[in-house]
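Data block below; observations after.
As written, the chain order gives the labels A, B and C, with residue 1 at the start of each chain.
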Amino acid sequence: MEYVKNAWYVAGWSSEFADDLRRVTILEQNIVMFRNSQGRVIAMEDRCPHKMLPLSKGKRIGDDIQCGYHGLTFDCAGKCVRIPGQDNLPASIYVDVFAIREKNHIVWIWMGDPQQADEATIFDMPEFTDPAWHAHQGEALHLKSNYLNVADNLVDPAHVSFVHPTTLGNASSENVPVHVDTKSDVMKAWRWIRDAPPIGFFQQFGGFTDNVDRWHYYYLHLPSIAVIDFGSADSKANLSEEERDKGVRVFALHFLTPVTADYTIDRWMHLRNTALGDNAASEQMDQLFKIAFAEDKEILEAVQEEENHSDNRRPVRIAIDKAPIAYRKRIKKLIDREAGHETAATGI
Amino acid sequence: MEYVKNAWYVAGWSSEFADDLRRVTILEQNIVMFRNSQGRVIAMEDRCPHKMLPLSKGKRIGDDIQCGYHGLTFDCAGKCVRIPGQDNLPASIYVDVFAIREKNHIVWIWMGDPQQADEATIFDMPEFTDPAWHAHQGEALHLKSNYLNVADNLVDPAHVSFVHPTTLGNASSENVPVHVDTKSDVMKAWRWIRDAPPIGFFQQFGGFTDNVDRWHYYYLHLPSIAVIDFGSADSKANLSEEERDKGVRVFALHFLTPVTADYTIDRWMHLRNTALGDNAASEQMDQLFKIAFAEDKEILEAVQEEENHSDNRRPVRIAIDKAPIAYRKRIKKLIDREAGHETAATGI
Amino acid sequence: MEYVKNAWYVAGWSSEFADDLRRVTILEQNIVMFRNSQGRVIAMEDRCPHKMLPLSKGKRIGDDIQCGYHGLTFDCAGKCVRIPGQDNLPASIYVDVFAIREKNHIVWIWMGDPQQADEATIFDMPEFTDPAWHAHQGEALHLKSNYLNVADNLVDPAHVSFVHPTTLGNASSENVPVHVDTKSDVMKAWRWIRDAPPIGFFQQFGGFTDNVDRWHYYYLHLPSIAVIDFGSADSKANLSEEERDKGVRVFALHFLTPVTADYTIDRWMHLRNTALGDNAASEQMDQLFKIAFAEDKEILEAVQEEENHSDNRRPVRIAIDKAPIAYRKRIKKLIDREAGHETAATGI
């Protein structure tokens, strides 16, 4: 399928890359990655142009990779520096390289034209480095699902009451309307559930027992990074939207890496303004998140399975779909723009 | 592939359906089934029209089903009765329902237009309720085979000598000619093997040791129900065709449910005029049947495997194929009629 | 895919065929094989023309095969000799047979027109029966790879240094040029590595510790038989090309049987002029070969996997590809000739 290529995707946490050659697949492209002798992460097309053996089946010779079949050797710029049995090294023999940056302990890869890779556009939040906040990297959730369905789910507050009734939602929110802003660069959907019993998560981490005001803000950064800002405060405080920092507040981040048309890796982490430096709290939160994410996985994989076998769907749109529909249109526009299909008249 | 839709198929034994949501696939259509609070079996399209999640992943709210993703709720008529987040319930949001009837402890489903579902056309036999007969439900044989090949096999007396030499056939019948009647509504193939050693089945259940007259009548009710009337009597009695009730007589019933183009469920049972109320006899018969059906399964799955990979078959027809060939023509005619492709001039 | 059909392929070692019906697949053709009452190996199309059941699911009646479904029976010439239920045996009902010869304890099958099968063209070497040589049949290596890629690898001395650094190659040969002769009927590639440390194989079987002269001659007999003549001698002897018999010399034979477009069986054996009659030496050599062949298998299967998923390869040719490229051209020419596509003007 077609993807937005001129964008920074997450290739992995920084801790995932070391000396050894690692094969990853992103946007259906096989890539060999490793950390070179200067500590820099390198990413190259994982295929020798000669006989197509994955270079990850070869070995490192210093910072170069030597193919495991006939010894063709490529440097970190993708240039062929050795062909055993001949002296000339034709310029036509090379492998593609990908722009890589590390930031906030995350390895970012630019899947399009390296010349257009602008470090300033990498996703960031001040809370990553704010001492009033605790950042905790979680795991990589593998889903047999197209990334668009996963992203839909992350800008969709409505599913929480039905998919996560014991952890992230409860019946109080079933009929609370959702606000949506799809005009800005970042898609946004949110709602407040005022004066209602606390959900399981905040019973555990906020210590709330009486009624609370609870908020869920979903931000979707194109093409596939979601930030869910959720929290709770005693209802008696009657917090305004801007006062969320006064409550117990958590940012759940989801970095979606499209692998193939029906496989996505969701690396998740959280930032929180409570239990700073408390590793036990991190682990407990992870446990709750994992229950919820397993619930999402079951739903999303069942939907994907159905999509794989259905050709006669009659599309149905309901009120809660506003943000997902706008998101899909935006993605399509970005893909069209990269392909040069954009109509001059309409612009963006 | 195309199927006859305006017909009653077996969805399962009555005992297979209870409170819980059960997903079944019939004619490549996924269906969610359950027994409602009035004890009636309900069958609905197993797919929420919103995001295509199977409704069987959701839960019952009384006699309605609530989707497990966003809570859309459908009643037993397929009507959407709730969409969380909005008040209006568009008529365009619904799921298909299927006509269901229970009869003789079997759940029947009509896969076509519910308006045309006529209860009077459900397969029946007087022996189901005749106290002189014992009815015994067997199991569900799953075959990786197209249902047409399975049905062929059930109107094909000729295979018995070769596929079931120790149970249902023996060498005596190898060259006995088969009579065929393909003119009536029900296809029929039959033969008598007179004055020959008894087959394994009737050695065990008839107690025969001397020569017997043995009959096999194969009836195929379109689209996919087979009745095999077989039995034996002492050769000295010299029974006429009409006197079969005087011998030891068994009806082996096969209800074929086409699942997909290469998967069929064969629910089998038998009716017998001997060993009434004798459960041990039922179990012993089941054991013999299971040996024979495993033999059929091996053959039919090997044939399907070959069909899946062969494109250059030169078709060969021999004398014993008369009934299967007529059966296939009939099925094609029924499918054409449903599609409105039937030529007015030819009629049926 | 298309294959050269008018050629002798290896169906198996003689020891693989006995009384029982054995199903094999060669050039995507399913074949039933057995050794008949005269000890002759028979090969027939493994599919009854009636309902397509593999005949290997049936049973032998003397030297005939009776289908396991309806008893149609075929003799060793593929002629139908019995159809239960009818007397006439139409000539249109038959199965194809294949020409078979046994030679040097190997069963050879001719996959094309049996009329053109010429026993004189079966691969042979005088060393098979020369008492100065020891012949040892090895095993059948199954590779999920197209046979052309496997054959490439067997006329490719250049991969040895990189794929088999501990057994059949070492760093001494990395840059030694390869000679190639692609003009003769048999493709040939070879090189001598003079005055270099012995490879693992000849440390073990030649007892060499000082520098040796080592040769590798790769002969590829079309369509898919490879002979690798390799050996070593003390460098001080300074052997000429013609004096190889004075060194420790081994012929490694590979008989490739294309099964499907991505599956190949490589039956390997060796002939040697050392350790005659020494079974322990045979086993030790097998162990070394198996290490090397497992290395080939890993590479070739990874290449096949890549080919299966790649559509945008930019072909790259380097100096060492001369023999493989010529080999592929020859195969294409043979296939075109069989198809009658050959242009009269060019001839061969």
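A few remarks follow.
The rule is short, and it goes like this: a residue touches a chain if its C-beta (ideal position, glycine included) is under 8 Å from a C-beta of that chain, and two chains touch if they have at least 3 such contacts.
Keep in mind that what you see is a predicted model, and the values were worked out from it rather than measured.
Between chain B and chain C, two chains of identical sequence, the interface residue sets overlap only in part, with shared numbers making up under half of the total.
The rotation relating chain A to chain C, fitted on Cα atoms, comes to 120°, given as a multiple of 5.
Centre-to-centre, using mean CA coordinates, chain B is 49 Å away from chain C. Contact with two or more other chains is made by no residue of chain B. Interface residues of chain B, counted against chain C in their complex, comprise 156, 158-159, 161-163, 174-175, 177-178, 298-299, 302-303, 306-307, 310, 313-314, 316, 318-320. Against chain C, in their complex, chain A makes its touches with residues 30, 47, 49-54, 57, 66-72, 83-86, 92-93.
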